């Protein structure tokens, strides 16, 4: 049982022969409070300053890519939930769009807009947790509880739409599981009305406070060209001043119809990341408002899935009544539908950056290979370079502002 | 790096004014915010006594439905087990014997139907996969236990009680069309 | 509704966990008082690895407020905590870490496995995931759900409070407890 | 020596000790409630009515918990650390004038245990010894996080003691006495020192935060960086002592601040009422405690509002911000009194 | 009171001996602190209250913290320094003892010739010391501040890393 | 306060002379005894303090505050000495990886 | 979502076939992305060319992942490159034999390839020559198998509470 597990994790140390004795190693993680998820940073410290960092990850490696090879397409949705669990629906939708691209399903406009509403909510939820955790790590716990109340509200909206709070399994290939209820719409509208004030309050609490600014400005800053070389995407890249946003560059899901701007930072430090996320939340709210306006203008209030009988489950009443529908239902659930062979790469602008799905299908009931481009995994490797020469406290804030989600990191 | 799009704007302002430099105004501002919350009505739900309203379509503990006559709907087709990403459902099918027509709706039924509630991820795929209106998730939450074994819920816990008053109403989870369909006696379920 | 569930279960299935039943285990009045104190001051060590950790944040947040039960002082140092809350997937790479933390905790200590992954591996029936933390450390209460609602986490804590309140002071010196530890190759 | 005085002093000492412990105990409860209320939560409410038995539960639990002394730790010092922290925290209370004079059976008893003529310096000395508790404990744990906490604590406390001392110098120029009793007596009515020494008060307050290791200066134990800081390895009641010492320190420094800057047990407009001496004294003591609780609330309020400093920023604030300010304050005070004395 | 004197003296002497003979630097510091606290007790016995408190603040609160701080910072907790050779150590003890004997002998000579002044209980108080300090010793006082500043500058210079010097 | 000063008279000044002589000798012994530079510094502090004690005692017995002022000055000097001494220790540790006083006899590093 | 930019694809193919005519094994457009297969000897200069060529400027390594082709006993690596300035994606593939899985590293071209290659090594056992620190990243260090190869079983062999006969897998 326990004996089969390797047990030398705490004995790891820097292998440095000529190291002066003044340095000592500090083991930050795997259960350090600041490493939120689970990763280990062995830091070589010169007093309070960091000389070198060695990262160990994989403490919650769950073999997503392997599982995905053994599961029919629709069963991969719950897996994507657990990639970046702070913004599960975003991952769901990204996955569904990838499959739709492979299968050639055209989604109706209403589905697109509904998806945008949900995806932007997920983005808000994710940024909200990241920013409030920056507050917690810098010692101001109170802002966290204020923002988390809003997150609870987003949970309520999710719950009203799909029945779950965090790992939503929201949406299906081709659309949604069920239509949004009236109650869900009420909650969404209420949220849109109340959230800006709460966000502003949170910002008042921290953003212009000198203690916070001193803690964050020029902490963990990263030049744009290094960031690109390290494969940064999302808010972290934008904080460095590069306006790369998948929603603008390669609009998916009708994002080209929406008007918003890309918030940028100056030199990619923690304060920039904080402010970029703050502004992105506002932009997301703005996008949701536009989407709701578009939805309101539509006459169609019922469509919530693409009508493609080959891949989308037939409506339940038909299954109960109609033999042909029942057979299709069986075929789809058993995963016996004819999936075209081929390979496809699709990416969405997830909360942490470009979340890509590289899907290879050989025509079987399961993908023959599915690779996730997890933004965290790629940009977290720049962490040692970012914190080199800074202090321990800076390293902790840098880590939380990078928003490394362990589920996404280790997959 | 040149701009890739023309839709960007720099949002962070790192210049501190004099008032910000002397700490106090921002500190006092922050303190007033917290003080305002001090006197505000508390959002806490006193959980065990007071319960938060769940969404009607919340995905909680499963129920195996009976039909109007009290017969078990499940026909042990196994779709739910196949659809389950966590492989938490186990069932053993059995043939209905003569004289059991008032117990089971179809000729085949699940003699054993177990869900490992500890494995289950409450994703709702079984509910979606069921072609017989037999399994539904409900807004009840599964209680915690001291041991692992009791989490394997058998039929005695899953099948809803016979007593019509204690039946579990899941109609809100179904679409309007399905509800219309059920009201309309013209249609019947597949045999 | 949760209570209804309990009432169905209690007589048949939910026997008292091992190491708690047995002679000399039911508390005297002094022990009751100590138990009362202990149960109202369970300082958790959140071993939050993934999704359930976020739900734990929600439990700590304003809406659910674990502080009401006297357990809001999170202590990340295992020496200071009474309740190890394992939330989220524990991979095999993480196993020894978890075990070490459990060993470092000061007696009396309790463990909650929150969520499907920690309790049983959940959907991750893979080569890299530990199929339930009870393979390496003893678990007192399992909380189902993926992730569990904060209500369920609180239920789990109430459940553990019952356990703590009824525990005799001598339990940790008893032969049963030693046997339990021996089963896990500890001490 | 008069025996009644001796007995009275002993009894009074115990009362003060008890009150200090009680207040510290309920400060933990208060802290949790204040935090909860500021965060829109309810806070502990299960143990007893409104959770009032919460501190008791915590205490009993800690007493009954297993004591772990790490094998690699230095046993004697490991135990010595929390003891020093607790003792020095408690020792300061003896010089604080808790009230005026009370007359029992024709004899006058002062509600102060020892009226040292160098009361302020005594407080100061105790504070400067208090750092040993943290340093020794953190060092003896033989844990890197604890060591970091200990080193941070030591340098932080040494630095802020300077500014604190200087702000007191300015105060002493104003009052002309080092005796706490006299300082309080001088602030009769509304002559509170805060009106004469607002800058000094701010400096003293900041330093008091730093000396008690409270946010935003809680670097020695900051949870997100150093796990528990100096008390990472402590369990059971030794941890309790550390946590307790922090609250006692908070209580005592609130008392000192109230004494030095807010007139101690003086109540404005009490003289006009013409009440008997004993009633005035009791009312004064109650008012004093009111002031102390106000200060404790301020401590908590700030803790739950502000983010914490970074180590170097803390040092910068201390050496480059507060000390020059304090020197300026001394100069300004000196010049002011030089000219007013002349005229 | 004579009992108190002997108690404090015993504590002082024993802890001073431990400072010399205990190998672990941290223990040395702790024993020295104990010694100094006993010394503060002596000051109080001599009615030098101001001095007692200043002694506590300066020696216990600052100097010894500095010692402890340096020991922690440099991680000198292990008694890695080899002891001097046995002969040297024995010689050291003998030298100390002889010196003590000499001092004792010298004091014996002075036993009877000490004049006794009447006590005034105020000289240990702040006022008296302040008056003396700022009237008779103003110049040394200012000079000491110069000394102090130069010491601080020197300490900072020494403490800097090599490349900065 | 009065009580204390009257009681002091019970203690002969000679006691203080002997005590401070003892302490001084112990300090001296320590300086010769130890190789650890920090321990030596501490022993020097001990010697300082024995002198301080004696000065205070004389000051008290002669009712002359000047003695206590001297103590005050000695404290200042001690503080300065410790600051410089310890920074030398830090530098020494940094350069030769040791605080052994015997390593200083090379007069360079 | 990516617009199928046929002209751009043609342009890229032309430049590449001019420079690497013998190295390119296959080039095709699958759904919306240009996909080029290169021999393993040429992969490193090929990627370098893609990054540094002024007209192509594929300066962003989007992702890198391994592949296992059990039917031809080969292991492959797939690179997705993105030219931010031209907003164009390209997929580059290369393959090596299962018996001797050695490929040149791309860490000298993009630092971000570091962990992705470690992950690929961890999953497939592809040895990237020249990689600064090619050790396992996600799995435990003492693991001997390469889990994402098709012959490796997914399930944890110690799971007790499952009846496999139920799932038809």
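For clarity, chains are labelled A, B, C, D, E, F and G in written order, and residue numbers in each chain start from 1.
To be clear about the criterion, contacts are C-beta pairs under 8 Å (C-beta built on N, C-alpha and C of every residue); 3 or more make two chains touch, one makes a residue touch a chain.
Nothing here was measured: the structure is a model prediction, and the numbers come from that model.
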Could you name all chains that are in contact with chain B and with chain C at the same time?
-> A, D, G
Pair sharing more residue contacts (C-beta pairs) when D-E is set against A-B | A-B
Inter-centroid spacing, chain D versus chain B (mean Cα positions, whole Å) | 52
Geometric centre distance via CA averages, chain G-chain C, whole Å | 44
Chain C and chain D, separation of their C-alpha mean positions in angstrom | 38
Could you please state the distance in Å, as a whole number, between where the Cα atoms of chain E are centred and where those of chain F are centred?
-> 4
Chain E, residues touching no fewer than two other chains | 50, 54, 62, 66, 73
Which positions in chain F touch two or more other chains at once?
-> 94
For chain A, what residues touch not just one other chain but two or more?
-> 5-6, 21, 24, 32-33, 58, 61, 63, 66-67, 78-79, 142, 145-146, 149, 167, 205-206, 209, 211, 228, 242, 244, 249, 410
Note which residues of chain E are touching chain D in the complex, please.
-> 26, 30, 33, 49-50, 53-54, 56-57, 60-62, 65-66, 68-69, 72-73, 77, 125-126
Please give the residue numbers of chain B that touch chain A in the complex, ascending.
-> 1, 3-5, 7-14, 16, 20-23, 26-27, 29-30, 33-34, 37, 43, 54-55, 57-59, 79, 82-83, 85, 121-125, 128-129, 131-133, 137, 174-175, 177-178, 180-181, 187-190
Listed in rising order, chain G residues that touch chain C in their complex are 138-140, 147, 152-162
Report the residues of chain C in contact with chain B in the complex, numbered from low to high.
-> 1-2, 4-6, 8-9, 13-17, 62-65, 68, 116, 119-123, 125, 132, 134, 139-146, 148-152, 154-156, 158-159, 163
Which positions of chain B touch chain G when the two form their complex?
-> 2, 4, 78, 81-82, 87, 89-91, 116, 119, 148, 152
